[in-house]
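Here chain A shows up in two complexes: once beside chain B, once beside chain C.
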Partner chain A sequence: MSKAKSSIVWLQGLTCNGNSHSFLNYSHMESFASSFDMLYHPLLLGDTSFDAILQSDTPFDFLILEGALSRDEDIIRKFGYPFHKVLDELASRARYIICAGSCASFGGIFRLKDEAKITGALFSGKSRGGYWSEKSNVINIPGCPVHPAWLIDTLFLLKREAKVSLDEFLRPKEIFSYLTHHGCLRNEYFEWKVDSKQLGEKEGCLFYEYGCQGPMTHANCNKILWNGVGSKTRAGSPCLGCTEFDFPKMKLYETQTNMSLPQTPFGISKRAYYSLAGIAKSFKIERLERKLIDEKDN
Partner chain B sequence: MKKITKEIIERIEGEATLELEWEDAKIHFARIKFFNFRGIENILKDRPVYDAIAITPRVCGICSTSHALTATLAIESCYADFGEPLHVSQKAKDIREITLNVEKIQNHIKWFYFSILPELKKISNPKFTPNAFKDKEWFDAQKTIIESLKLSSIFSGQWPHGSFLMSGGVTCDPLKSDIVQAEHSLHTIISFCESYLYGMHIEEFLDIDSSLQIMVSDSSLKRSIEVMMKHGFDSSGRSYDRFLALGESFLYDHASKCVKTTVLPADIRHVAESLENSFFDKEGKGYTYSKSALYKKNYFEVGPLARLMMAKDPLIRDLHRRFKDSTLTRIVARVCECAHLLQRTRVLLTQLDIGEPSYIKPKSNLNYLTGEGVGIVEASRGTLIHKLSVKNGFIKEYDIITPTVWNLGNGTTENPSIVQKAILGLPSIEKADFIFKSFDVCSVCTTQ
Partner chain C sequence: MDKKSKKSEKILDAALLLFSKNGFYATTIPDIARAMGMSVGNIYNYFSSKEKLAKEIIKYSSDILGEEIRKVNEQQASSQQKIRDIVAVYFDMASTKPQHINYFLRVYLANKEVFKEGCEGMLCVSAFVTELMIFFEDGVAKGELRNQDFFSAFGLFMGYLGGFVFLNGEGVLTKDLNDYVDDIALNIYNALKFQ
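== the complex of A and B ==
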């Protein structure tokens, strides 16, 4: 499947279209289009009608799923058919099933409406077993929305028959072994435990008061950036943990504490974290208490 | 002879089914069906109030900033109801407006180049099958859209679903050099629009007071008008000629309605939602997940055409004189609004005073916040309303009225909704499909 163009069918479940719009932000679309045929995408005009694809029995390479899934016909129908008929038919002909975004991966926000009936493809939140109980060709690329490069880089790797290692939630390790915390411009404030005094400022860490999930969230947002320039933390807003199975948690803008202590960063023991935090907090670092750019110095 | 057909409308935001009743080969009535209910209003119940700022953008990927802003304003209005009117700095207001404008700019360009132009190519040549990935114009427009959203993300961190809004201001704190970068992006967007969309400088375009002046330009807008005139879209697609814009805009002074050409003040208190014909209707006769929104029991059109009618924009008023609220007028209005937004955003970036605070923290303890609030924003497709009631910092009720609910409600044969009226009497589904798309339909918003 390396030389010829690979073929894609993009199917939407219960969705806000956010992943489609994020896909449209991909900055090398002509290069993408020279390697992939989009047989069907709900927002793009193509040569083939959806019905023609559905009625044919030709296999294709990638089925991209956007949105939460359900077998219940009262919850979702597609082009006049029960959704599960469409999805089961297309899934049987796809070489890979790629879940673009947290809804297709884990159920996401819309799963909260009815957790028994609305799920991701292979997961319902943290639990294995979603729309399908098992399937060997599913890859999850969560995020609310998915970053276009996460999706398209993975498609290119699969097209080249490269091995794409996955973590326990079937996420590509090259992307999701990083934490949002990596590359955050507020890292030094985190190291020295200097809280953000209030929102709307460049200074301070958002982990202690404002619910930032950066140290616990698997994603390389602050490595590759969004729309070429930004990330939530760079816009002064806490990471909402949108690539994780439990998105959205309750109280997204408030740090949840246990005995007034915040959750520890991913893979760091409480003993290690709280010991170091206690020491760091015992020092007052003058420079970090000041404004980053003090106009009065001029 | 009567018959009923079902047509699926694709390549809109989401998907809709039109069930058409034909009589003597003309559309006699249309039922519009949306199946994709997600229940966001229910999901928000009993959640902490600020969660609404993160969750409501997920109503709609293409207008996520509009939803986040409307939620933010609704919570600010709730603080006022609680006894603490919040002060929001001019800087925060300007950043909110810049990101909202940019969201509309990308929306209008996306809609025109990804939907309207390819549809018109098909209408001109029914044998032609447009393919986005084989079309240079599509890629050029896509690059411009990317630039628009880059401009947004300098402030919003990302698009879609950036979270930079908070009751009391914004969370971002841009540098002077960030503003320079934003101005470069805006320059790139304006260059594209001047070269291809308008065929002239935006200042010249905004000075136009007669539609004839567009026809001497070399532009995609001119070419689209020619096709629309040739295929009768200057006389079809008319609705009630009643418009509404309840949110603030630089285009006009205050919330207004416009009946034909008369502009009068309007008030949100006259807005009512109808569940008639929806699955929420207790009588069980419903056929769609879309609700309908009414103003003084009447259907009103919302969106760029409505806003420019309020603004008494000379070009749109000229088109309206000639073609009333036809498909042609509606489509040119959306393109015209894009020019206003580009010019306005340029001014806002120039005057942005980063010395002011981005955010002023409310004094009240959030855990006691109790009251009711309403937020209104003019989103790409028209008036967007969020209403909520809060008790001790938690959401009790949340109600969302989206622009598409105004334009694409489901009325009756006697009292059809805006779009239902616009497609009555048409001889073909192809025409109905295009007129439907002239409203820039968003089914995901409608069935939130």
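== the complex of A and C ==
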């Protein structure tokens, strides 16, 4: 693409607006605005009406999809049109289709209502084949919501014609090759199997009691942080696995176990993990049992 | 395996036999040296103390039993079949190499003061316990076993087997140990199965 501004049309399917709100939290919006033209966004005033964009045959650079998708007219319509007519028309003119958030990527929470009719763009949960059975210009940037930097950094890379390597779920590897576990401040507690006693406290690991999905969730939340300062696990709340195809699971704040044994971290065999965890649990590390800041010391 | 490792293993085998037969305190390093045809001093070149030797033996036995259960875990079989196979492996070992099970029951469990440092928690029996963890987790994941606390299931399984081998050692059983495999496996399966 040229140095001229790249054009974006933002289209919502079945959504809670969460990804739009996250986008609006981007901390370098001036830089974004100087490089991109938002032709249409449902929450922003623009120069052109949605109808005018729809009736035009002008190509544009990015179609950003927010929310789950459906071809069923009884489930979703836009501006009096069947949603699929709007989406198919805009998709045919977009150079890239960017799925912002887990609903557009995999179907998300809306998919639970009707897995046959409500999907992501190219996936229905883990299965390939969603709203479209195949399409070569789709990139998934899941999350509930998407981190604004994940979305906008990817747009900048594509604008610069840089290669964006994708994983098997069409997620940019630069972001999603990491696990939420990487950079988590609680890693020492995880290593020694010291659990958090309650949500929100500084101490302990949230993996054994509170359902933390950090060791099996692909995202760099604890590397780039949210709003520049924190993450769920840093705040004492478990990672809910929101960037994965199976989000949302049930009972998100409880660790699901088989015979007391939790799911093992991504890519770690049961034999390796249970051996190591069993050994770590054999020791009681006094320092890690204490509060980080013990008022009695003062 | 290098020459020193082979020799170490032979010492472990000899000490295992003596400890499991005569007990930890009644067995001395000179007893083990005599059984090996080695000098007492040379034994200490391999193991710096009797306590250290005892801890290595429980790891050694746990590794051997763990390896047998690992073979069962790696089979494509139902949990019911695997329970039978694990019971068979355990009783076979109790019959053909009783020193391993006897060591566990009569030395490791009976002399915890010897093992409290260096064998904390599951540390020295990790290989064996890990395989049972894999077996239980897999059985629940496949919907064949009821989901419950690990130690409830572990205690039922291993307590039963250990107790039965103990009865066998006391000479009170009317049949050969291996003749009980099917009944005991069925009892364990009935207690653990998903209902």
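Going forward, the second predicted complex is superposed on the first by the 296 of 298 C-alpha atoms of A that agree within 3 Å, B and C clash if a C-alpha of one lies under 4 Å from a C-alpha of the other, contacts with A are read in each partner's own complex, and residues count from 1 in each chain.
Here is the rule we go by: a contact is a pair of C-beta atoms (placed from the backbone, for glycine too) under 8 Å apart; a residue touches a chain by one contact, two chains touch by 3 or more.
These numbers come from a predicted model, not from an experiment.
Given the touch rule stated above, what does A:Asn227 touch, chain B (first), chain C (second), both, or neither?
first
Quick one: is A:Ala116 in contact with chain B, with chain C, with both, or with neither? Answer first, second, both or neither.
neither
With both complexes superposed on chain A, which partner does A:Leu199 reach: first (chain B), second (chain C), both or neither?
A:Leu199: touches chain B, not chain C.
Which partner, chain B or chain C, touches the larger number of chain A residues?
Between chain B and chain C, B touches the greater number of residues in chain A.
For A:Asn17, using the defined touch cut-off, is the partner it touches chain B, chain C, both, or neither? Pick first, second, both or neither.
first
Which chain A residues come up in both lists, the one for chain B and the one for chain C?
On chain A, no residue contacts both chain B in one structure and chain C in the other.
Looking at the complex, which residues from chain A come into contact with chain C?
257-261, 270-271, 274-275, 278-279, 281-283
Using the touch definition up top, name the residues of chain A that touch chain B in the complex.
Those in contact with chain B are residues 12, 14-22, 24-25, 27, 29-30, 33, 37-38, 41-47, 50, 75-80, 109-110, 112-114, 144-145, 198-202, 221, 226-238, 240, 242, 248, 250-254, 293, 295.
Could you list, by residue number, the parts of chain C that touch chain A in their complex?
These residues of chain C touch chain A: 70, 120-123, 126-127, 129-131, 133-134, 136-137, 139-141, 145, 147-151, 153.
Could you pull out which chain B residues touch chain A in their complex?
The touching residues are 6, 8, 10-11, 13-15, 17, 35-40, 42-43, 47-48, 50-51, 53-55, 57-62, 64, 92, 110, 114, 118, 129-133, 139, 142-143, 145-146, 149-150, 152-164, 166, 168-173, 175, 181, 355, 357-359, 361, 444.
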